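Naming follows writing order (A, B, C, D, E and F), and every chain is counted from residue 1.
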Amino acid sequence: MITYALYFSIGCFALALLFNLYRVVRAPGVTDRVLALDTMAVDAIALLVLFGIWEGTAIFFEASILYAMTGFVATVAYGKFLLRGDIIE
Amino acid sequence: MDLFWEILISALLVIGGFFGLVGSFGLVKLPDPMTRLHAPTKAATLGVGAVLIASMIYFAAFRDSLTLHELMITLFIFLTAPISAHFLAKANLLRNVDRTTLTRPEGEGDWAVFTPLSDTSAEELEEAAEAERDEAR
Amino acid sequence: MEALVASAVGIMTAAGIYLILRLRTFPVVLGMAMLSYAVNIFLFATGRLAVNLPPILGHAGAETAGYTDPIPQALVLTAIVISFGMTAVVVMLSLGAFIEAGDDRIDLGPEEKK
Amino acid sequence: MLKRFLPHPHLTLLLTVVWLLLANAYTINSLVFGLLMGLVIPWITAPYWPDRPVIRNFPGIVEYIAIVMWDIIKSNIAVAKIVLFVPNDKLRPAWVTVPLDLHEPEAITVLAGTITMTPGTLTAELSADGHSLLVHCLHAPDPDGVRDEIKERYERRLKEIFE
Amino acid sequence: MSPALIAALPFLGALLPGILIRTGRSNTAFAAGLTSGLALLGLLLHLPAVMRGEVVQARFEWLPAIGLNANFMIDGLGMLFATLILGIGILIIIYARFYLTKADPAGQFYTYLLLFQGAMVGIVLSDNILLLLVFWELTSLSSFLLIGFWKHLPEGRQGARMALTVTGLGGLSMIAGMLILGNIAGSYDISVILTQKAAIQASPLYLPALILILGGAFTKSAQFPFHFWLPHAMAAPTPVSAYLHSATMVKAGLFLMARLWPVLSGTPEWFYIVATTGLITMLIGAKIALFKDDLKALLAFSTVSHLGLITFLLGLGTKTAAVAAVFHIINHATFKAALFMSAGIVDHETHTRDLKRLGGLRHLMPVTATIATIAALSMAGIPLFNGFLSKELMLEEAAHTVWAGAAWLVPLVAVIAALFSAAYSFRFIVHGFFGPVRDDYPHKPHDPNFGMWLSPAFLVVLVVLIGLMPMTFAGPVVQMAADAVVGGGLHMHPIKHWHGLTPALVMSMIATAGGIVLLLSFAPLKRMWEAAPRPEAKAIFDWIVARCACVASWITSGLHNGSMARYLMMFTLASIAVGVWAWSGGTQGPATREMLPITPVALVGWVMLITATGCVVAFHHNRFLALVLISIVGLIVSICFIYLSAPDLALTQISVEIVTAVLMLLALNFLPKTTKIESSRLKQGFDAVLSIAGGLGIGALIYALMVRDFAFETMSNYHLANSYKLGGGDNVVNVILVDFRGYDTYGEVTVLGIAALVIFALTEALLNGTASKKLIAWRPDMLRGGDKHPLMLLVATRVLLPIALLVGVFIFLRGHNLPGGGFIAGLVVAIALVMQYMASGFAWTQARQKVYYHVLIACGVLAAGITGAGAWFNGMPFLTSDFGYFKLPGLEKFELATAAGFDLGVFLGVVGSVLLALGGLSRLARRAAVLDEERGAHIVAEKPEAREVAAVSSVAYPEGTPLPRRWLKARGEEQ
Amino acid sequence: MDHWIVAPVVLPAFLAPLIVLWMRFDLRSQRVFSVAGMTALVALAIALAVSASTNGPEVYRLGNWEAPFGIVLVLDRLSALMLLLTSVLGLAVVLYSIGSGWDKRGWHFHSLMQFQMMGINGAFLTGDAFNLFVFFEVLLIASYGLMIHSGGEARLKAGVQYVVYNLAGSTLFLFALGTIYSVTGTLNMADLAQKVAVMPASETGLLRVGAGLLMLVFAVKAALVPFQFWLPATYTNAPGPVAALFAIMTKVGVYAIVRIYTLVFPAGGTIGWLAQEVLLPAAAISLIIGMIGVLGARDMGRTVAYSVIGSVGTMMLAFAQFTEGATGAGLYYMVHSTLAAAALFLIVDLVRERRGAAGLAITPVPPIRNAGLIAGMFFAGAIAMAGMPPLSGFIGKLMILDATRGQWWLWGVVLVTSLIAIVGFGRAGSTVFWKAHAAAGDQPEPTKDASSPGLAFTATGGLIAGLVALTVFAGPTTAWLNATAQQLYTPSAYIDAVMVGAYERAWAATSGHEDSHADEPAESHAPAEDHGTDAPAEPASGY
């Protein structure tokens, strides 16, 4: 059962990534693209965790933490750039 | 007992996958940058949250290793997601939102993003905005 | 899987080459970044591909299956760090050149217009 | 005396727990090391976080978290419904201005974060003088109701916790 | 005196003028003369032995590996030439003392002159053709300096360059010739080569060697068609012209032909090349000389003609001709040097050398006139002077020479040449010294003082003495030298004035008479000459050189046109070409590995990567967007690393990614936000084709590699097996990094540290240089909102900092056994701090920095080094690690490894480097953000002033944070 | 084990951070320590050269790991020679920078110099292909910093090109190394040599690609055509002393080619004559392009820069013969041309510092201060560079011609390009130094911050004296260099020094170690144990 749930979940997040990608490729403005990137990081974390369950290994969790942290910093940096140009004032 | 955990984990996985997908779908479907901001920031948090909890339970129940790392990640995402959204919203306000549709806050100042600072004069901002509009065309 | 990796490396290389042939520093720096992704995966793949066999003793998914080749990973790590340092320098340098010259052309002009 | 060695007991506790979570090894070594970090890191980072807030109502936090969790789940379902089933032309997005009674920056931040995490609302901006929040609603036929709920459900509780 | 010392003396003497010039010009000249005299004395001590036919030798090993040795010898030929060089050298030194004015740098002059003298003596005393080459080229160089002695004269500079170019060309050709010759002969020693006549002349390389060597000889001796440089060398001071360009240097080519005469001559090739060239040169030089108005130019072309004469004689390949050649070398040296010096005196006294402005000087300067007349008559070939004797011998030889079946050709040409020769000699006398005294000399002349005419007078005495009693005054010397030329066994016929009415005498009389006729009809001839078009050698040469320089310039700047795109295009093209070519030269085995299956998730990742990559290219004009897209590529790449079992790589990649993004954004703030499309469609198309080719190549390469196994056992099996046992860690990658290949990591952390230092140095240069003003004048070019330090971010980063530091510590500590390590930990901590910078601003955060980043970097590199060097105290090599398991009371056992110290160094270095680099960029932004220079002065550097700033900014929130004033007031009241 | 081998790397690697740490604000101390460090490096290099000429190749196993599992340093005659050349140059350059005041025109000059030394020395010593890459990067990044020292528009723009070009080179390096590792499974050069020698035929295609690309990487560093483009603008715009130091940078590429293609991919071996086929035409064209550039350049700096390209071409003509004799000649020419180029760059800088705004353009400007002395030195340097007697350039060319007998086209190229160079240098020198006397106007104002010009002249003169010494002692020098060439063409000594018994010792250490850590929880490391027991069975695949 878990296997099928995993299939489903992985499929969902993979599809989600593709949606994000669409929004990166086709967007009216740049904020949407940054948003899509931010969402990608989150979806990637989910995929990572799912992959961990799939392979039965806990070795990827540090990566998840780092992804969360860097995804956040990247979004903030891009956002600050859009807002002010200078990200470290 | 195992079956219970299995059902729980599977449910969480399905919920997580569903919300993750919905979040990203919203990003594609919703009409304007402000509304698009709602979908992923919220749906994705629950999506990832459910998956993380599923993982935690899975390792505790089937691999005999209780790891609480997932809690850390959840905490982190919950702490940071609003900030990211806030930033993108501010950027939207500056670029994609008609200022006249907003009511000014009570009190003396305007919204922070519209308050010019000493380092940029109003004219300069206007010029830059002009240039940017030209660029867009 | 190998075909995916190889084609990805090839496409990133192509993108990188195209970008470094542009006339402004910024796309050239982007091209260098693309090339460094490509070369990192290339170098990594020289150890051959393996799924879930990280070279961490006692953590392999199946203990008999062994581990993937750790050497290329160590090499790529070194390469990533070095290319980061290099990128930082080239970014700063092109910025400095832009500030001094007022444009970000990467060309010097024939014998620097002398 | 205790204050001198343990200037930020909450932070120390938090860091120790986080260390244990990270290390995932619930041993004496981990605890000792976690405590050590819990003491050293606040001391190192003190200049970066001057005026650390004083938490006045500890149980209030638990209650607040529970409410927010519940609201997040609700909100996700709500948002999912809107995303999936409400056609774009039926959507009623709205801007809501929420005047603030909170004073502490940390409290305002928590409030703003909470708003963002809960159904269909998102903190877009703070006024330059810090008096109001600008909230965007995904689908809000009744903007005033949203404002009142925010003030009643979250701000009041946060005021108890922080001030 | 050793021949080596004789050659070395002038060089040693060349050092003296530099020292002595402060004591006066006379002392300098005296020292120079003394050096030459000493060398001459040393040389003449060997005269008796050489006359007896002995060869004096001195041998030193210099470069035995290729046979270049400092071997010297004095034989008859060398003795003759060395005597001429040193003897005339002394006369020139004396003459120059009076010739040079006070304004001329006499010290330099004597230095150059002695350098030249040494080189010349070296040539004639060398017993090794490679050594000879060295001296040969030295004469070119020193003559370059001497011709260009008057630096302000364009003629001097051009003449010097022309001489250098032409003789340099010859020298290079001679190098090749000598190498071939030496190789045929089996030795570079002349004494050995001279014994190898049969082998040399039988060799298939004889002709190339001959041509190449003659190339050197002809250029040096100004033989047609290389004759044109010599007249232009006359821009040199007259002593130089007299010495180099009549008596010595130009004879080096003759010397060389004479030197190698025994082994090279006697073949038809030799005859036709050498004799013909000599004959043509003799004719052309004489003809041109007649029409030159400049005294020195006339003499120069006359020299060309006489050199041709001697070449012709050598080219004949007969022993009698060789004797005549040697004799004429002596005679020419005496009368021509005297003539040059006379011309110099005339120039010195009248301030002109133009024959059209001269005349009648015999009344004003009788001594000079006498000297010049005697020397010129000798040059004309008038009996009783030495020139007559050798010219007679030449005509005699010419009369018997059959050229390609034509018996009349050579005699005819010889006579015409002699006729011109007589004519210009007479013209020199008549137009210069005879006729009425004029009143329009640029300067009223009179005979110079004794010192200046002493030298030419001495030579003229020789002219007369040899002319009168050739066998007494020149016979033994000619015998001695000619014997050496022909390789010994020479029985010289005595040189006599009267041989009866020989063809030579008839020819000589025709020449003299014709010369007089020519001079009488000079005016109409001159008009014809000037009307006739003629190739101006200098113009042609200049044109060729200018064309060459132009073409060189065109090639150079056309090729290196500063276009980076072209440079990199060539780079790519060459790489692809070499790669494909290399591959096609080897064999490729079939696939030996089973491929991994393609999973849907992998496919999704692939699609994303490809799409993002494509978008980067497609949207690269929008720079910000390109950055976002690059971040996506980075994200997928790092996920790919995780999927393919490289967690450490993923962690590193993703954290580097974010720092890079911050860096790029900091830079993009200043840079234009879009890239204009500037390349043509054609270039874009070409670039696309090239990129696709490159991509295909690399893709194919890695695919080909992945489908096959290693040809041999890979070394990483050892690392997997021993990482724990010998390295004390479970994370093999980390153990490799900090232990097995820790030296790589040592280099790597150094790179990072250097990068930061470079960025800092550049920042300082920009902030303090011209860029500073540009920065201050810089204005934002994009829309900017008002919120500098958003409150929510401020609070969030403050909460996150302690946690992030904890995570950093955690990642650091677990690295040895699990993914992580010093580098990633360093990046995590750096990112945590960067968040502070982004939220609270540079000044606020910097003020809270307790440690300078410079210190962190230095400590990092040092810590890594010290950990490595610690092993020395155990007698182990650098970077040898150790680890152990320890137990403290109350705690469980734990592991300590020295590698952790190394990793700590990495950690510190990374933190310091990242922050110093980013700080540099943001300091530029701060300089740009201020409106007035005063505030710009407060920019915080890694300098002690930073502490003062820290003291000032103890506020809780940075300036510009949207904090309600009401609250601030309330807080203020509370406190 | 002789720890001194690692000292040329470690000494500057310690000195540089110490300068950063303690002397950031104290130029005087920086100067003292920098000069002391360079002097110590010279002494070290001499000692190592003496050692290398009496012993065979000496191996230093970093971290006490056997090759190929760890990284080894190998000291042989060639690396000792390069160390000596580097340190001598470094000392001269540091002295010149102090004398001319260049070091105070920006930050971190002396520490970057030390790092530069570390990088170059590391590259010359390493016996590991990937480590060579790492030290290439160390020396490159330090060179970036030195190149843009004190900033300015032209310098920064040229700097961007220099960096970007070398980044492309580094990328290619990694592609090449990856390919080689992927075929052979090793990175140690001696181990590679063993394995390449017995490479199955089915692998030669890919191996050749690796070898070919690697050659190009080194060609980039050596500035061989068509990879020479980065050099002229870089060398011209770099500060004078830095350009002088860069004279050794191209030699790093040359060194690597000589090392790798005599040791790992010897000509005629598994990969055939690949190296020669690539190298020989590239060298000839480099020589031609370089010398044409000497004639065609419109600025003195470029004149010298192009002569560097030409000189690299010249020496590569010799090395590309892949014979002992030609290599000896090439080595001599390399030493010579490094010193000559460095001297010329210093001289050019002396000119630039004194010509003020006129810069280096080959146009007449009224005579500069010390014109006579500078002109004299330029004359000497140009003679040497153009290969005119009596200086070492002539001897070098003579030896190269001697060693390439029979390849007449090659002689033609060498001789004709020499003439072009003579004309080019003659034009440049006579315009700048002689025509100056005909130029109107005031004497240009020299740059102010030359603290002790005497030192600058001493450093420059020292290099020229080096050329003279090289000429006078050509006999012993070439004897030593020929022995070096001989060592290169008997690579078995190198390979044996690194590899004999290495596998056995390495795996023996494993089994020995099991006892000492017997108390460890070995059960959690079962997989590692498995490897430990079966792996020693096939260690010496290369033998």
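Criterion: a contact is a pair of C-beta atoms (placed from the backbone, for glycine too) under 8 Å apart; a residue touches a chain by one contact, two chains touch by 3 or more.
Not measured: the values here are computed from a predicted model.
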| item | value |
| --- | --- |
| Touch-network distance, chain C to chain D, counted in steps | 2 |
| Interchain centroid distance [CA atoms averaged], chain A/chain F, Å | 46 |
| Approximate Å spacing (C-alpha centroids) for the pair chain B, chain C | 30 |
| Euclidean distance of C-alpha centroids - chain B vs chain E, Å | 64 |
| Averaged-CA centre spacing for the pair chain E and chain D, given as whole angstrom | 71 |
| Where chain A touches two or more other chains, by residue | 10-11, 15, 17, 30, 34, 56, 58-59, 65, 69, 76, 80, 82-83 |
| Per-residue multi-chain contacts in chain B, two or more chains | 18, 23, 25, 37, 41, 45, 67, 69, 72, 76, 79-83, 86-87, 90-95, 109-110, 112-115 |
| Interface hub residues of chain F, defined as touching at least two other chains | 130, 134, 137, 141, 144-145, 148, 151-153, 156, 161, 164, 168, 175, 178-179, 182, 187, 233, 297-298, 525, 528 |
| Full enumeration of touching chain pairs | A-B, A-C, A-E, B-D, B-E, C-E, C-F, D-E, E-F |
| Complex contacts: residues of chain A adjacent to chain B | 1-2, 4-6, 8-13, 15-17, 19-20, 22-23, 28-32, 34-36, 38-39, 42-43, 45-46, 49-50, 52-53, 56, 58, 61, 64-65, 68-69, 71-72, 75-76, 79-80, 82-83 |
| Chain D - residues contacting chain E, complex | 11, 14-15, 18-19, 22-23, 27-29, 32, 37, 41-42, 44-45, 47-51, 103, 105-106, 108-109, 112-113, 123, 126-131 |
| Chain C partner contacts - residues on chain E that touch it in the complex | 556-558, 560-565, 568-569, 572, 593, 595-599, 602-603, 606, 609-610, 613-614, 616-617, 620, 623, 626-627, 630, 633-634, 637, 640-641, 643-649, 652-653, 656, 659-660, 663-664, 667-668, 670-672, 675-676, 678-679, 687-688, 690-692, 694-703, 705-707, 709, 714-716, 719-720, 723-724, 730-733, 736-737, 741, 744-745, 748-749, 751-752, 754-756, 758-759, 762-763, 765-766, 770-771, 774-775, 778, 817-819, 823, 913, 917, 920-921, 924 |
| Touching residues on chain B, where the partner in the complex is chain E | 76, 79-80, 82-83, 86-87, 90-91, 93-95, 109-110, 112-120, 124-125, 128-129, 131-132, 135 |
| Touching residues on chain A, where the partner in the complex is chain E | 10-11, 14-15, 17-18, 21, 24-25, 30, 33-34, 37, 40-41, 44, 47-48, 51, 59-60, 62-63, 65-67, 69-70, 73-74, 76-78, 80-89 |
